[in-house]
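What follows is chain A paired twice: with chain B in the first complex and chain C in the second.
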Partner chain A sequence: MAAGPFGTRRTRRLIPWASIAIPGIGWLLFGLYPSLATVGYSFTQYSGLPGTPLNVCGLCNYTAAFTSLSAQVWESLQVTLVYVVGVTVLQNVAGLGLALLLNRPGRSYTVYRALIFMPQIFSVAVVGAVFALILDPFTGPAATAWKALFGSTTAFLGDSSLALPLVMLVNIWMFAGYSMLIYIAGLRNIPKPVYEAAALDGAGRWRAFLHVTWPLLAPATTVNVFLTAMGALGEYALILVLTGGNFGTKTLGLYMFESAFGGNSQLGYGSMLAMLQFLLTLAIGGTLLFTLRRREIQL
Partner chain B sequence: MRTFLPVAAAITLTLAGCTTGGSTAAPGAAATTLTVAQWTNAGAIEFTKQLNAKFEKAHPGVTVKLQSTGTANGAWAQLANSLLQAKSVDVLARFAPTQAAFPPESTGIQPSGVAALITAGQLTDLKNQPFMKNYDAATQAAAVGHKGGVYGVMAASYAAAGAIWYKKDLLAQHGISVPATFQEFLDACATFKKAGKTPIFLSGKVGMQGGIWQGIENQLLMKGREPAESVDVSAERAKAFWDGTQKWTDPVYKEIGARYAKVMQYVEPAASGVDQQTAPGVWAVKTDDYPFLVDGSWDGLTIQQANPKLNLGFFVLPGTDDAAANRVAFKPDLTWVVPASAPHKDLAMQWLAMFSEPDNYRQWLRLTGSLSAQPQVQNTGLPWMDWLDAHTAGSFTQLTPPWTPPGAPLDASGPDFYKLAPIGPDSLETILSRSAAAYAKSAGH
Partner chain C sequence: MRTNPLRAGTRNLLCFGIAALLFAAPLVYLFLQAFKTFTGFLQDPTGLPHPWTLENFGAAWTQGDFGRQMLNSLVYAVVPDTVTLILGVFLAFPVSRGYFRRSNAVYAFFVFSGFLPGGLIPLFIEAQALGLYNSMPGYLILTSLSGAGFFFFVGYIKGIPREIDEAAALDGCGYVRFIFTIIIPQMKPALATFAIFGFVHAWNNLILPLVMLSDQKLWPVTRGLYSFFGEHTQNWPLIAAGTFIVAAPILLLFVALQRHLVEGVAGGAAFGTQGVAVPAEPGEAR
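Coming up: the complex of A and B.
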């Protein structure tokens, strides 16, 4: 049996299996196992600290979430839904607007696109810390600008009516560049003759956008809306750094993080919240995919 | 299943570089590394570094590694848990659990945090260690004791409830002395307001306004009680809440709320956007305004570093109109524990013994501004501690909130200061009713 560059025929047959096995083991250890463990923990009152008992309690955490502690769960659910809808809509509007504006040839446009995408690569903690400083009512530049514009002071992230919109804006600032790139890819896939045909039919820029660009961007919209919604659903780190979940910004993700890993953590209760979040993600994600895919087919 | 996730978290945190500090030995010099971990507090970290150097000198071949991170955003809790999971820490700082962390079994509430570690036998009982003789046994037992054992050394306690820093020169300029009654405090604020000043500054973003409520609450509930009874007062209240015989809408809480509102009218309107990390510095450098800062006594060094020239003073908000009842409530704070899994338990005990030596402990007090937990060591006599030194005699352990099950709404354990006016949009009545309903629901009434 002659040995080729990848060993004998027998060893060559093993290569695909080995290629799958290595990431497969990684996924089993760091993907599936923690997920299953979370399901298990959700039926316990485990503190999460080493050596402490599991305290298996069946459905106690789930019961509490829908009875004695329902107010907190419901409040965080409401905040989560506002956050997800707000971020998804605004980020896609911003991403699309930027894509239409910057989908042009030229070095300067390449630089602009890179600059707008840049926040995406920053750490959430760094972005949060920087914006917390910018929005400090005494030392931040935003306070100076606010005073110049309105002649008054505001607490920004400490104001219950401003905190959630501001956190959403920071989130959008950070990730709008990503949406922009996907929309640009979508725009570049639209054949030029379609625009030429529309122009011959007398369509202006707005009608061309409405009847050509927007429908043909459907695949990009599906990807963008789905990814943005899923990202916003899982967001907690940015909110944690900016407001600590106070002033009406406690999403389900942050409530889960606080419960599972806060000062007096109860990993069991936090795991139950993680399961609720998983179900919510499944419901929203599934509905979005189904609706958006159907829209693509109809178009 | 129980160990994998936390270990993964430990690895992740370590890789993410969450730990800071630490001294490194010369190559080949040290065979043993003692690991000490504590959260970032400028004075405490400075002291620990000094002590570690001293310990290394006294124990050739031993290197002390200091691991530290800030308490903000849950970073410290993550680091401490990761170190425990990795079984790599010998001496670990924790917040004193106090007796409130051990609800009776009949409540069905599982202990969490340090209390969970104690009940699971994961912390070493230090009761019979020789260095424990330096500390007041009753105070230590109240802070970190359980079923006859003492599972840590409560090394620092601070005035937190109603703690107020003030600018001595500013008060002197307006002929105001440190207020001894609630009305005197309000009068002082009114005088400053009339002079165009904003009387009170605080970090509302992290809920420091709660200190005002707690200050009044502690003094009102402890009125006429002996300092040693504070643990009983806390326990009685917790039981009464659990039984449903007391609630947040009771007249005493309405009175506290009314007083809170009177004080809050003098707070900087944009205070709710101020972070605790910037508040002491902003306040310290603004020498011509904000005579009062609501902040715990642990921030002395931070304030002095921000403005070394500031003539700094400290007192506790007088919550009642009876000067004798306006006593200091001190909060048990940093507590050294030795995990059962500590790799170098004997060395950890030697480190704690060195920490507890009166000379070293005195230096600890000097740098942290903590109240002394050792009867034979007096408070440090730092210039700003003059009022505190004169008023420590009747001080008592800060009252603890009623028992609440894990995940209970913030409202259940007391008013939500982020929502209570003027920081938040809700009235006192709404807030107290919501707290009462949340508690009743959480406790299954």
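Coming up: the complex of A and C.
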């Protein structure tokens, strides 16, 4: 059917098009065009300041990324990979552990689940303030605890060896509740009789988890791992608030943001970094989907 | 049946400990700081407030200009949320029904476009060129015309029987009236979920205001807090009060709708949809 039932004979074909026109044009202008234009701007040098020229310079930004600026690009690539792998693995372990613990009926568990889910509803500006306060090297409780444990002081988010793991932990703190809920949804989809059969076969607690829960949880794991990895890859607002990208926390996303909007206004170079980020997302996302789906079938 | 390695009481206590100490305590700790005087804080930074004071809330409210910014945030959250939902329905309905040629191709193209590079930088250049940069109407246009929620709605509308379209059209019901009086009321649960997540997402957004709004008078409250934080380094009681003011509306919303949000995701609402990672603003990297 190529036309809806609405309107007169003359307007029948037009109405569906009119219906999608405004959101469609808005999406073309502010959704599709900017995405595609990133490719174009990545071949230019442009500051965006009024009156400055836009220089088309071919592959200049890409050559710079692999020659004069390769140290910075390489470092941010490494930081990004550590961030994505660390957050994805730990957040899923935490989410699964919490799901196994908290998948119980009862009002108290409803409250606990809500509390664990809560951090992610706040803005990164709020979460950033909370952890800057707790991790303040002079007045924060973390400093007191550190002193009691190790007898020394540390700058926490201002320390190059601690900043990245701490930012990752804050990220996990914020979103572990979401992973937990997806795993709980998965657990609730596993039929009870399967466990009863396993118990009849003499499977203990651990073997029931290994041979029943874990394989049957595969769809939830797929969704969770994929969403966590993509989220961690795109995250830079939280890092911006916590460290400003200093002390070894500059992911590709943050490097892009800083190049374009951090005072230097290198919009062309930033677009090139957005392209690198895009290629990385494509590679990681594609690999994950392929392997996770295959794993679901095998299990 | 599964054997239970933890006694019910032990498990409950353990879960309470995790929820309270790991997840709630950081926020409670921040909240407590807001009741300290600055000297009281310096004397005992990690203890309970002594003496207690309410002055920080008033001071933060006036110094941070949070009153105006709250209002801005409300506008930036409510207007795009409402417009996006309505436009999303108008976009999703004919696509879902296949009421124009190649609607499947249009749908596939939309899905595909979600995997394109982030467009924040070109969006910034475009906003400047179109005069949408650093203006409230401009910001609202940028955030309202994205058609977010579209995928979610397409699937949902498929569940509404097609026969009512034809019946309504035979009775002479116009298209716009049909959408507003028949389709939108049918979609209430989907729209409510999306409205809540969209509101929270828009209220919390920091990156887009950082890029698009340079004039302090136009800032939403998250952008304001970000600067407030930098201006008052080390005056933690004042920062804590400001942070609490920014978080309070979202916290209230969460307490009121907690069951709907949390159990909605746990009940499987996340499968096949984007779940919480909902409407990415145009040009945002994620």
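Note that in this section the second predicted complex is superposed on the first by the 272 of 299 C-alpha atoms of A that agree within 3 Å, B and C clash if a C-alpha of one lies under 4 Å from a C-alpha of the other, contacts with A are read in each partner's own complex, and residues count from 1 in each chain.
Rule of thumb we're sticking to: contacts are C-beta pairs under 8 Å (C-beta built on N, C-alpha and C of every residue); 3 or more make two chains touch, one makes a residue touch a chain.
From a predicted model like this one, the values you see are computed outputs, not experimental measurements.
Of the two partner chains placed around the shared chain by superposition, chain B and chain C are both touched by A:Ala132.
Once the two complexes are overlaid on the shared chain, A:Gly95 sits clear of chain B and of chain C alike. Once the two complexes are laid over each other on the shared chain, residue contacts for A:Arg205 go to chain C alone; chain B is not touched. With both structures placed on the common chain, the touch criterion links A:Gly86 to neither chain B nor chain C.
When the shared chain is aligned, chain C comes close enough to touch A:Ile182, but chain B does not. Touch criterion met: A:Trp27 reaches chain C, while chain B stays clear of it. In the superposition on chain A, A:Gln45 contacts chain B only, with no contact to chain C. Contacts of A:Leu69 after superposition: chain B is touched, whereas chain C is not reached.
Chain A is touched at more residues by one of its partners, and among chain B and chain C that partner is C.
Judged by the document's definition of touching, chain A residues 30, 33-34, 37, 40, 46, 48, 50, 125, 132, 136, 138-139, 240-241, 257, 261, 270 lie at the interface with chain B and also at the interface with chain C.
Contact residues on chain A toward chain C in their complex (touch as defined above): 1-7, 13, 15-17, 19-20, 22-27, 29-41, 46, 48, 50, 98, 101-102, 104, 108-126, 128-134, 136, 138-141, 144, 173, 177-178, 181-182, 184-185, 188-189, 195-196, 199, 204-205, 208, 219, 223, 227, 230-231, 233-237, 240-241, 253, 256-257, 260-261, 267, 270-271, 274-275, 277-278, 281-282, 285.
Residues 1-3, 5, 11-12, 14-16, 18-20, 22-24, 26-27, 29-30, 33, 41-42, 45-46, 87-88, 90-91, 93-95, 97-101, 103, 106, 110, 113, 115-126, 128, 142, 144-147, 150, 165-166, 169-170, 173-175, 178-179, 200, 203-207, 210-211, 222-223, 225-226, 229, 234, 236, 239-240, 242-243, 246-247, 250-251, 253-254, 258-259, 261-263, 265-268, 270-271, 275-277, 282-283, 285-286 of chain C are the ones touching chain A in the complex.
On the side of chain A, the complex with chain B involves touching residues 30, 33-34, 37, 40, 45-55, 61, 64-65, 67-72, 75, 125, 132, 135-139, 143, 153-161, 240-241, 243-244, 246-247, 257-259, 261-266, 268-270, 273. Chain B meets chain A in the complex at residues 1-6, 8, 73-74, 77-78, 81, 84-85, 87, 95, 101, 110-113, 116-117, 119-122, 204-207, 269-275, 278, 282, 340-341, 405-411, 418-419, 423-425, 437-438, 441-444.
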